[in-house]
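Letters are used for the chains, namely A, B, C and D, taken in the order the chains are written, and counting of residues starts over at 1 for each.
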Amino acid sequence: MMQALFQATIEFLKAFWAPLLCGVAIVAILPLIVGYIVLVERKLMADMQARLGPMRVGPHGLLQPIADAVKLLIKEDIIPDDADKLVFWLAPVLSVSAALLALAGLAIGPAFQIAQDINIGILFVVGVSALGIFGIVLGGWASNSHYSLMGALRSSAQLVSYETAAGMALVSALLFTGTLNIKAIVEAQSKEGIWFVLLAPVAFFCYLVASIAETNRAPFDLPEAESELVAGYMTEFSGFRWSLYFLAEYANMIVVASVATTLFLGGWLRPFAHVSWLNVLDFVPTLLMVIVAAYCLQRTPKQPTRVQQMFMLAVAGLCFVLGIVLLAPVVVPIAKPFYAGIHGGFWFIFKVSLYIYFFMWLRFTIPRYRFDQLMRLGWHFLIPLSIINVLLVGVALIAGAYFNLKGWGLLLVTTPAAVIALVVALLILAAEKSRGARPDQTAASDFYAG
Amino acid sequence: MADEPKEPKPPQVPTGEEPASSTPPVSAPPAKATDASAPAPPPKAAAPAPPKPPVVLQTPLDNELVKRFRAKFGAALLDATEDRKQAILTVDRAQLLEISLSLRDEEKFDMLSSLTAVDWPKREKRFDVVLELYSFPKNERLRLKIHAADAEEVPSVVSVWPSANWQEREAFDMFGIVFSGHPELRRILLPDEWQGYPLRKDYDILQQDTAWVRENLGIESGQ
Amino acid sequence: MLDRVLFYFFAGIAVASAVLMVTRRNVVHSAIFLITALLATAGIFLQLRAEFLFIVQIILYVGGIMVLFVFVIMLVNLDVALQQIQFARQKWVALLVTLALAGQVGLLFWSSGKMPGQGLPVLTATAAERLPLNSETVAHSLFESYLLPFEIASVLLLVAMIGAVVMAKKRT
Amino acid sequence: MLGADELVINMGPQHPSTHGVLRVKLKLDGERVIGSECIIGYLHRGVEKIAENRTYQQFAPYVDRMDYVAAVSSGLGYCEAIEKLLIVEAPPRARVIRTILTELQRIASHLLWLGTHALDIGALTPLFYCFREREEILKIFEKYCGARLTTHAFRIGGLQYEAHDTFEKDVERFCKDFESRIVEYETLLTQNRIWIGRTKGVGILTAADAIAFGVTGPVLRASGVKWDIRKAMPYAAYDQYKFEIPVGTTGDTYDRYLVRMEEMRQSRLICLQAIENIPTGPIMAKVGKVLKPPPGEVYHAIEAPKGEIGYYVVSDGTVMPYRVHIRPPSFINLQAFDRMVRGHLVADVVAIIGTIDIVLGEVDR
């Protein structure tokens, strides 16, 4: 028996050593990445709000995430007296593991994917990341607090509602590829020479809105609306448990941004990947890195202490090295084979960052929806629109096949479809407006029912 | 002070503007006060403002509104004076509700700005309940006073001016004046278990403090 | 070998959590164990290289139905549910049904290979890389071989959905 | 738990958006409010009792601690009330400087309100913009009297300090900048669909209700009652300046927002008019070192940023007031909260608390 088990373990390790290693790497590195995303968010927020943001820990606050992580780890771990201990313990773990598991399905470049070539790629990512909702619901319930429970209920109602819209938006894009495999999806965009965001703009819009709602970001951050429900389902969590939720939230952001990038924004493809006269675009990554490095160098003498100056120099150096690495595959013939991997990774991360930047930008700019407004937006606007869009895209594809259109030519049929969807959207909005004109005190009362 | 010049705009002003506005320099109150001292006999010996002869600030009030009220309520209107050109009506406690209704509906004093009380422990009826009314159509204020002894209940005016609700609770909280007919007369600013009524003149704050310290900190005195 | 270990691993979890689900007093705990059982079943699907079934199991049962379950559980008052006696009067009925089911499954196993066309079909394993693509296979069988039953099922679901909406509307 | 008929939820006294230590007990049906009760007094310091044990001058700084975000306005009300009691009048120069500082304080108070109100509704950024401008006002205060928040800027009878050399220039520069800054806030909020959705039709208070509840200030004006003590019974130097009283129509949260935005503009205009011609002369009327007002009583109210702040002062001829009653606008306005909140959702509760613009220091005193 023991020998059999041992043998099985060896077999398992032999077959799966690479994904396992990647998994460990994800779990180890992701918190760091999330920490720096938070720092970037705070810096952006500060910039938009006419202030500086974190400046104390490290030059320009660059070590702030580490300080925060240490603080969270050594904080007192409080479990409320009447809480359901087991569930309280389980909930954050569920949340974070679902988010991390979903990351496994993503392809950061043609070379980097943990769950290689699974046939159900995009479904896997979407389905597994949706499991994180249990962490929220159970956490809210286990805290035994009204605020938490209301936050949890809001959250689950919101997630279930917007998942429908997001799924429908995904279907619209999947119609173009005919496969669920993530690599195949990107390759389809490469083959067509056009990103699906141009072919299915309405679907992209629907997914964008739904993904913000799914990750509980402003203006849909009701579950944790701090002005009403204190911190929603996280109210009673503190220290490390709380940071797990935090981690899950940002990991989820990465997941939805990656899905959108893969499906709509051409994944790891460079813009105009097959237009040879635009190959100069290959120098853009290097240029970006060099600019960042130059900025850091320029700031170095202004740092108050020697340590900070050294740190700034180190950052500049790192950026410079990255720039060289990005430059190498373009100019050095020997490094050519690494082109797809390195530049693919760069473009993918670049697009994901833009998507997340958009999230942050929204958060600092607009107020929060009220819960009934949010539900109405989901059920009365987004879901009908995305369903109609699926139909229209389907019709457009049939027409495209009939006229034998390819690539940019498909725009001839998809643009009218998008225009019709737009008209439908405006009609829905107008209808909503006339509905909203009368005070609907009753309509909102059963919004938990969806 | 500067708000007085604008007040006599409406002609039917019932507050004590008439004697004041007949004197020419409206914007110089010290001079005006000496003028006002001439026609009226001094009801009380006022503490003198340093360089000047005794000033009389409280004069009897006799205008349209007071006349109408005299006719309507008779003896219920105990006193009508004005102090520094602000009209004060002292009315009978028992008829407060009727007078309030009449003030609100007929005299258009539609807002109750403030309701409070003053404690005069040496008087027979120790409390003054003071209502500060304002009329939007006439743009004038009127002060209504009711005398009440320690155990006497004052009719609540919440039914007339809902804004009296919390203010009566506050008066109850601070003075222990019971307003009969108030929907929920509980302490509002102080904790429910508080002892005594702090704004009474005989309320010894030190004693309360010492008691609290003894009870909660277990030591003899905090002072 | 690995397959077998994985199978027993998932099966063990599934059975254990199914038992725990029935015996827990706290409804939310039961729900959690039900989720675990469903996830373990999904794991078995994956181990059988039925990826599509695996993800459908997760999306539909775990991500869809169980969320609504938990949702409803939170809306009802838990204290009332705790006071009610479990296994109210159906103990013997349940036992009977379980025995009957066990007998049936036993018969199935016993008859395998004894008679042609009866019992469990014995399949020969195909190498993983030569398996047909999962979702495509499911799609073909659903939309070609079994189109009519599929459509009937969809209509049935649609009717159920409309019925639910009508019932919910009537109440308010 | 939510399926039950009623759910009582406790908001505060430690809650991020009850603006201090307000505690609200909400009776909910689902997320809809069917009843509310405000529990106040957590910040009660017995200001009125303190007043009876301090001289008139000694008590003046205490009123700054009531509405600590609009201390100048409370101080002006108190000083003018005592001046009325003493029958003295501040010299013209003092009155004009008082007007300028009070209007700046109104802008500062409204800015704080706007920032926190927007934050309650989920807009993070306006708060920082508002604080940026508020900082400029506080700097002017600091230059004038050395304090930023609880300024104690005025004295009974006039002013303690002469305006500093750059006073006019500072105020003028602020007013010039502020014009475009208001536009900045408005681009973020006024036409924003979500903002409108969150504020329009929320917390409606009709004019009749507003008067009955004794509500004053911007809340009353948003309900359509054109009443402002600065116009109705001018004090300080308000009768010398031209300004409009903005009024709303429906009395909902959006109207209150618009009214306050317009009020800031008007205050800016008043400041600009006032600095153009500050009269010269003394800044202090002739009042003795020891104030012994003649016996009697006086009620004096001014238009504070939050509404009518009134002082009812009774003198018995001694150096200490016999009784000081303060009519705090926040306290009275908060009474209308229950009327405004019924039938709305929990999310609206914070919007409504924000829109009444309360300061708990003033509610509890």
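A few notes on this one:
The rule is simple: a contact is a pair of C-beta atoms (placed from the backbone, for glycine too) under 8 Å apart; a residue touches a chain by one contact, two chains touch by 3 or more.
Please read all numbers here as calculations on a predicted model, not as lab measurements.
Taking the CA centroid of chain C as reference, the farthest chain centroid is that of B. Top contact pair of chains, counted by C-beta pairs, is B-D. Per-chain CA centroids place chain B at a distance of 24 Å from chain D. Chain A and chain D have centres, each the mean of its CA atoms, that are 44 Å apart. Note: centroid distance chain B to chain C, computed from Cα atoms, is 77 Å. Averaged Cα coordinates give chain A a centre that lies 65 Å from the centre of chain B. Shared interface positions of chain B, defined as residues touching 2 or more other chains, are absent.
Within chain C, residues 74-75 each touch two or more of the remaining chains.
For chain D, residues that reach two or more other chains under the stated contact definition are 1-2. Interface residues of chain D facing chain B in the complex, by the touch rule stated above, are 40-41, 44, 46, 48-49, 52, 80, 83-89, 95, 211-216, 225, 227, 229, 232-239, 288, 292-301, 308, 310, 312, 314, 317, 322-323, 325, 327, 331-332, 334-335, 364-365.
Taken in their complex, chain C has these residues touching chain A: 1-2, 4-5, 26, 28-29, 32, 35, 51-52, 54-55, 58-59, 62-64, 66-68, 70-71, 74-75, 133-135, 168, 172.
Chain A makes touch with chain D in their complex at residues 45, 48-51, 146-147, 149-150, 153, 218-219, 221-222, 225-230, 363-373, 439, 441, 444-448.
On chain B, the positions that touch chain D within their shared complex are 1-3, 5-7, 27-30, 33, 44, 46-50, 55, 57-58, 83-84, 86, 88, 110-114, 116, 118-119, 130, 132, 136, 139, 141, 143, 161-163, 165-167, 174, 187-191, 198-199, 201, 205. Considering their complex, residues 4-5, 7-8, 11-12, 15, 84, 86-87, 90, 118-120, 123-124, 126-128, 130-131, 133-134, 137-138, 141-142, 149, 152-153, 156-157, 159-160, 163, 180, 442, 445-446, 448-449 of chain A touch chain C.
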